[in-house]
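Look for chain A in each of the two complexes below; its partner is chain B in the first and chain C in the second.
Up next is the complex of A and B:
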């Protein structure tokens, strides 16, 4: 319990520091809103021109976009320490100070950052989910709400896990590795759309290697009533658990990587 | 004039330094290109459009290859603006606007050439309908290259406008962040402008943002006939002049209200 309390307290402190420059904060929130709005505009224009892709209607596409947007930016709010600053913590040697404290490194890094500006991005995602489910005529039930919650939660874990790969690389190579962005930001771009529209290698990549399809699309497709890859209904509740599995594996690898950490000095 | 060229040359050399990061960047950009092409192919499979898919994939690859031309910015300069060290630049016996204009030009040119050339080569090897196609005709090719030059001038001028705005707000993430979003959207990087609704295109093609890469690409694929270059290229130069004028006015008025604090 103590750990959770610590996490909540450090988030609170970070929030306070973000709120110091109120007008700048509000302006940045607006920028984020326009940015994510722009991303959604691209989907709207695609739907306007193409109307549908395979069996997915415009509403379905908005729903998938919303899933990605909510999951990705929720991760950015709660784990900015990993998704944003970690490589610079290694490069500048700020990571050293964390080793003196009686908590795990991973936990302390998690506590070290938040990005509350992303809240407007999540708002765009939520709006997209609502519009999508309206247009596709989803009949909500308790089970479907549960599936949605599980999917978002597990997708957050998956995204955090994938960002940890970058963190692990940066422990070894000091300089951040742009290439890893291919799997995190590339995954976000690609999996805004259902993966079954892609050719086989990309489909395998996003189902097996970076399983966005398992954590967010299988349940989303089930909610929309059009199972992805034709899989049965129970998979909508089981496959998202792969998100937790990826995160657990990456935490283990991260801790192992930390054994080889050499400080850059100051 | 010589001072500006040496600023240009120095910046060119700096840009060639980080080769390791560059290879990672190229691979990442290639991956994004492949995802986009796969997406548009899937969309086309369901509902073919009047614009052939080969033109869309060519559009995507040219945009992805020259991505750095649009987005690379001078981080040092933003730091100088925030810290106030920009006041040292007032001591130089050159026009500050043109000094930084040439630096930005060098950065954008070298950054995008080094990344763009291998990417275009890769895209040319991909099968038809996945990669980049040959230009529509020889004049189309020559004119698209010619149109890249005023497009490039516009890009550097837009960059200096963003910096001019930052000199006022001191925070690059506010208004100038919005400006770069406008650029990403209406230059055709987010979604090829050829796929925008037709009624929007009637307006968008006149905006400064479509002069950057959209006009050259359309000349290349033949969406614009070579004869249309007669008014397209002058329009690009006109926009370049307008944007430069706007930027110079902005920088000039910033210089007048600049207060250097001691210490």
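Up next is the complex of A and C:
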């Protein structure tokens, strides 16, 4: 209980910090809106030109896009400490100060960053989900709402887990994180579209290695009534759990990695 | 057994050099930051830890505060091993880095303190009585609602001290706490540390380059160089060994009196003023004074020991640091 309270209070404090620079905050929020709007525009252009990509209609594509936006940017709002700030915390030695407190490092890093500007990106994502489900004529039920909630939650965990790989690399002051970016930011861009339109290697990458397909697309496709890879309905509830598995594994590895932390000079 | 027991502590770092032309891999160099340090500190002691840059001071503090794991050797603080069970251990210690803030930059400091209360799971009553005590001693009452970034360096350091002592640690590490502070802030900080030490029996370990800090605060000083402990004892005794040069300024009534000085005394005349430096171990002070008095009527005279920083510099030089 105390832990949740502490997280909420830390987030409140960070919000306060962001609000110290109000005009800059609003401007950046608008910038984010334009950027994410641009991303969506790309999908709109594809839909406009082709009407259908394999079995997927325009509405389906908007739905997939929305899934990714909502999941990715929700993660960035609630776990910016991991998805953005961690490498610089290592470099500047701020991580040292976290180690002096009687809490786990993972939790404290989580408490030390938020990116509220992303709220506009989430708005774009939600709009895209609504438009998509309308156009594809989704008939909502409790079960489908549940599947959607689980999918977003598990996708957030997966994304957090993937960003933890980058964090683990940076503990060892390895600066070559581009390879990891390929599956985090690269994954975000690629998996805005259903993975079954891609050639085999990419399909494998995003189903097995960085399983975006399992956490968000299998349930999304089931909601749309067109199972991904032709898998049965129960997979829509089971495969997303891989997100939690990836996160758990990465937290274990992260904690092990912290044992080798060597701090910076002062 | 003493409160802090350190035995043969070792730590080395691998430093990667820039890749040379024609070689596939970068050369690695192993830097031994600590080459087997041993010491013990009793509860309630105020210990100074000095040495030139790169001597291993910060590394020791980081190991003893649970941030780094040593490569070899043992250390216990109050029966606990710092780098094992870090979370349980850090409840009992406080650390202040002179160069690094532990509070939140953009929010009023009272908000930082109240978040620390939750982080350390302090009870409301305990927290408010301790905060009151500390804010009075550190004169922070007026500043509580000011964001950290708007405070002066001296005010910030006081806020940092308050933050690191809220949970009533038994042991306080200070890593160059007076760096960049003005004279008033330094004196206030020293007074506060003395007060905290005598009032609560807090053990204090202080690294610094400011010898005045040590002279004012620490009954005991440890000198570190090249990862080894070179001296452990009282400061005056350490200084005595290196207190080899004294400066005398004399002003005579008449210009250029006749004065023959023995060898080894360097003197410089400026009209009727003479400044000379000598070494009391070679030439007894009484003998020098007699010589000076014989030469003419002295109107003014000052005798001063060498500046403490020069002594330390001489010591580092002799120890080949």
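In the analysis below, the second predicted complex is superposed on the first by the 263 of 266 C-alpha atoms of A that agree within 3 Å, B and C clash if a C-alpha of one lies under 4 Å from a C-alpha of the other, contacts with A are read in each partner's own complex, and residues count from 1 in each chain.
By our rule, contacts are C-beta pairs under 8 Å (C-beta built on N, C-alpha and C of every residue); 3 or more make two chains touch, one makes a residue touch a chain.
Predicted, not measured: the structure shown is a model, and the values here were computed from it.
Novice: With the two structures laid over each other on chain A, which partner does A:253 touch: chain B (first), chain C (second), both, or neither?
Specialist: Neither partner.
Novice: First (chain B), second (chain C), both or neither: which does A:100 touch?
Specialist: So A:100 only meets chain C here.
Novice: Touching A:198, do we find chain B (first), chain C (second), both, or neither?
Specialist: Touch partner of A:198: chain B, not chain C.
Novice: Answer with first, second, both or neither: which of chain B and chain C does A:6 touch in the superposed model?
Specialist: In the superposition, A:6 contacts chain C only.
Novice: Pick one for A:16: touches chain B only (first), chain C only (second), both, or neither.
Specialist: After superposing on A, A:16 lies in contact with chain C but is clear of chain B.
Novice: Hey, is it chain B or chain C that touches more of chain A?
Specialist: B
Novice: Tell me the contact category for A:49 with respect to chain B and chain C: first, second, both or neither.
Specialist: After superposing on A, A:49 lies in contact with chain B but is clear of chain C.
Novice: For A:241, select first, second, both or neither according to whether it touches chain B, chain C, the two together, or no partner.
Specialist: neither
Novice: Would you please give the residues of chain A that touch chain B in one complex and also touch chain C in the other complex?
Specialist: none
Novice: What residues of chain C sit close enough to touch chain A in their complex?
Specialist: 13, 58, 62, 65-69, 86-88, 90-91, 93, 95, 97, 99-102, 104-107, 111, 115, 118-121, 147, 175
Novice: Can you tell me which positions in chain B touch chain A when the two form their complex?
Specialist: Interface residues on chain B, with respect to chain A: 20-21, 24-25, 27-28, 31-32, 34-36, 38-39, 42-47, 49, 171, 173-175, 177-178, 181, 184-185, 190-191, 195-197.
Novice: State the interface residues of chain A toward chain B in the complex, per the touch definition above.
Specialist: The touching residues are 24, 27-28, 30-31, 34-35, 38-39, 41-42, 45-46, 48-54, 175, 177-179, 181-182, 186, 189-190, 193, 197-199, 202.
Novice: Provide the residue numbers of chain A that touch chain C in the complex, in ascending order.
Specialist: Within the complex, chain A contacts chain C at residues 2, 5-6, 9-10, 13, 16-17, 20, 93-94, 96-97, 99-104, 259, 261-263, 265-266.
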